[in-house]
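Here the chain labels run A, B and C in written order, and each chain numbers its own residues starting at 1.
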Amino acid sequence: MSEQLQAEFQAAFQAEVDADGRIEPRDWMPDGYRRTLVRQIAQHAHSEIIGMQPEGNWITRAPSLRRKCILVAKVQDEAGHGLYLYSAAETLGADRDELLDLLHTGRQKYSTIFNYPTTSWADVAAIGWLVDGAAIMNQVPLTRCSYGPYARAMTRVCKEESFHQRQGFEAMTVLANGTPAQRQMAQDALDRWWWPSLMMFGPSDGDSPNSAQSMAWGIKRFSNDELRQRFVDATVPQAEHLGLTVPDPELRLDPETGSYAFGEIDWTEFYAVMKGDGPCNRDRVRNRVAAHEDGAWVREAAAAYADKQARRAAA
Amino acid sequence: MNDTALDTDLLAYTLRLGDDCLVLGQRLSEWAARSPQLEEDVALLNIALDLLGAARTLLTRAGELEGKGRDEDGLAFLRDEPAFTCGLLFEAEGGDFGQTMARQLLVSAYQLPLWQALTASSDELLAGVAGKAAKEAAYHLDHARSWVVRLGDGTEESHRRVQQGLEEVWPYSFELFERDDVVARLVERGVASDPDLLRPVWETTVTEVLKEATLEVPQTTWHPTGGRSGKHLTSFGYLLAEMQHLHRSHPGARW
Amino acid sequence: MTSFTSADGHGAVPTSGVPVDEGSVPHRSQAPLWEVFVRSKRGLSHTHVGSLRAPDAVMALRNARDVYTRRQEGVSLWVVPSTEIVASSPDEKDAFFDPAGDKPYRHPTFYDVPEGLTHL
């Protein structure tokens, strides 16, 4: 492509983005834009499917049939979210098998939040309330992302996340108003999930040099810190309603802004967990790889059958 | 026969149907995040949800018939092993994906005509559950059929594995068509579906699928039984331990 | 320096130092890609909702039903591999889509939000 043509395309692309329009799969797009999106959408998809594990391991132990059904439906939704997202990544020329391979070999990452263990039933409630709540904060702006297929996938996902968050809050409400042991379980879960939930928004804006480019491309709309602040402001009153204590002695409401000031986040923990030193990194990836490898013969069988059928039809 | 006897039979029958659905729903949900591909995670959990939904209605009804104030959770989480009356096929371990699909085929080929017949049950609740469950079972059967055919007529390895899985679960299918006194009396009253009528329908469906899948109909003289009277497989105790532990750890708690 | 973005829905992930596509992974038995179209109700046309992978048309249709219509989003589906179009027939509607009708807990409105609370 001539340099002049390239410049024209670039200008048209940026004009579309600046006008809050949508870029579609067959449109010209800068290579950096495509690569950023593939990386982001793929790792988002990985987070969805790895995220099935911490809650999924409570399905068989759920304490009532109603909760069991709700949890099965939720975990099933997360598999669906993974599928929507891999499908969006494939519109950019990526390939699901390749992306999974990058996950399985640890070269692409998923959210650190799923490397924490779920040691009690209240963790299932806390994940729905806090983790899905934080995910909604992140994902709602993405419904207006400049890349059409990603934005549309997010629209579907957000509708479903709302169910996830509400069921989590409802389960938490029952525990918080339940027996002393249940209350204790709920508080303990909040204690363990609060800080990792705040870390979900990523390091402070100053430490995220690529954010500016993503904003210019219309992929990212709000800074990590802005989203985190919104989450804190939305969630603290909910914790108060539950009668639970947010594990942050520095938490203060500024009556003028209506916003909460909160304590320092331990970023060394975040980086350590991202690097692979979280309590569950090894298990999560191992389980994923095992599912993939144990299922290889099934996928091969389906492919072989399809080939046979095609040959039979042709004969 | 007086009303009390009718209730006892109906209670036993409703409980069997409910336990079948509950226990298989539990077994299928073990596949969460473990299935051969993401699409199949979604499909298996869908089927589990259908079964658990039916189980909830049936167990709730059983609790009402029993009249001791037990609800669906009281029956699911607070009964001991001998009080469960699920068939052995429903509680049998899933094994690999081939065995799970073989079990799904045998179960769905049974449940579809069962629910279809029960839509005409003189018991209104059973007829209602059956109407919905029959639609679901049609989908479950379709799903199982697709996979059994693909695995059977896929690769050498898949053929071997699904045949092996089929051999494993096949003996448990005989129990499905047993006609004990409870069933005999309820067939008489137009409440239960007649196992003698279900058996040939089941056989036709299963044989057709196995033929298409190039699989052999297992030959066995071993016809294990006991599920309906609370004599279960060793693995069932572990299933209950896992399922009931949390609920039982907090007596009287709401969730 | 590794940069992290929260724009990934379920939490921050690195936005640099991560390979995007290697192009080197052998394609074992990757199933072909199908585009999925859903008719959300009678009177409306089929709308593209996304894609999925399936070895053949039957599996593609079944997967599409499970993946894209868990909340009764559709009464009819098309799956399209390149040029071919496969549609579910109208009389399959019941077994295909009705079963989702009794799962109200899938919808957020199933849950009571305590008065005065927002952001749920």
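The rule we apply is simple: a residue touches a chain if its C-beta (ideal position, glycine included) is under 8 Å from a C-beta of that chain, and two chains touch if they have at least 3 such contacts.
Here the structure is a predicted model, which is why all the values come from computation and not from measurement.
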Q.
Taking the touch definition from the header, please name the shape of the chain graph: line, ring, star, complete or other.
A. complete
Q.
Closest chain to the overall C-alpha centroid, by per-chain C-alpha centroid: which is it?
A. C
Q | Chain pair showing more contacts of the two, B-C and A-B | A | A-B
(Q) From the centre of chain C, which other chain's Cα mean sits the farthest off? (A) B
Q: List the centre-to-centre spacing of chain A and chain C in whole Å, with centres computed as mean CA coordinates.
A: 16
Q) Once you find the CA centre of chain B and the CA centre of chain C, what distance in Å lies between them? A) 29
Q) From the C-alpha centre of chain A to that of chain B, how far is it in Å? A) 36
(Q) Can you list every residue of chain C that touches 2 or more other chains, as numbers and ranges? (A) 52-53, 55, 59, 67, 70, 103
Q. Taking each residue of chain B in turn, which ones touch at least two of the other chains?
A. 37, 39, 42, 46, 49, 53, 150
Q.
Could you pull out the residues of chain A that touch at least 2 other chains?
A. 66, 69, 73, 76, 80, 83, 296, 299-300, 302, 304-305
Q: Can you check the complex and tell me which residues of chain B touch chain C?
A: 37, 39, 42-43, 46, 49-50, 53, 132, 135-136, 138-139, 142-143, 146, 150
Q. How about chain C: which of its residues touch chain B in the complex?
A. 52-55, 58-59, 62-63, 66-67, 70, 94-96, 98-99, 102-103
**Q.** Interfacial residue positions of chain C with respect to chain A in the complex
**A.** 1, 3-16, 18-23, 25, 27-31, 33, 49-53, 55-56, 59, 67, 70-71, 103, 105-108, 110-114, 116-120
**Q.** Residues of chain A touching chain C in the complex
**A.** 35-36, 38-40, 42-44, 47-48, 51, 66, 69-70, 73, 76-77, 80-81, 83-84, 87-88, 90-91, 93-99, 101-102, 107-114, 131, 133-135, 138-139, 141-142, 149, 152-154, 156-157, 160, 162-163, 165-167, 169-170, 173, 199-203, 207-211, 214, 219-220, 224, 227-228, 234-235, 237-238, 241, 270, 274, 296, 299-300, 302-306, 309
**Q.** Complex contact set, residues of chain B against chain A
**A.** 22, 26, 29-30, 32-42, 45-46, 48-49, 52-53, 55-56, 59, 72-73, 76-77, 96-98, 149-151, 153-155, 157-158, 161, 242-243, 245-247, 250, 252-255
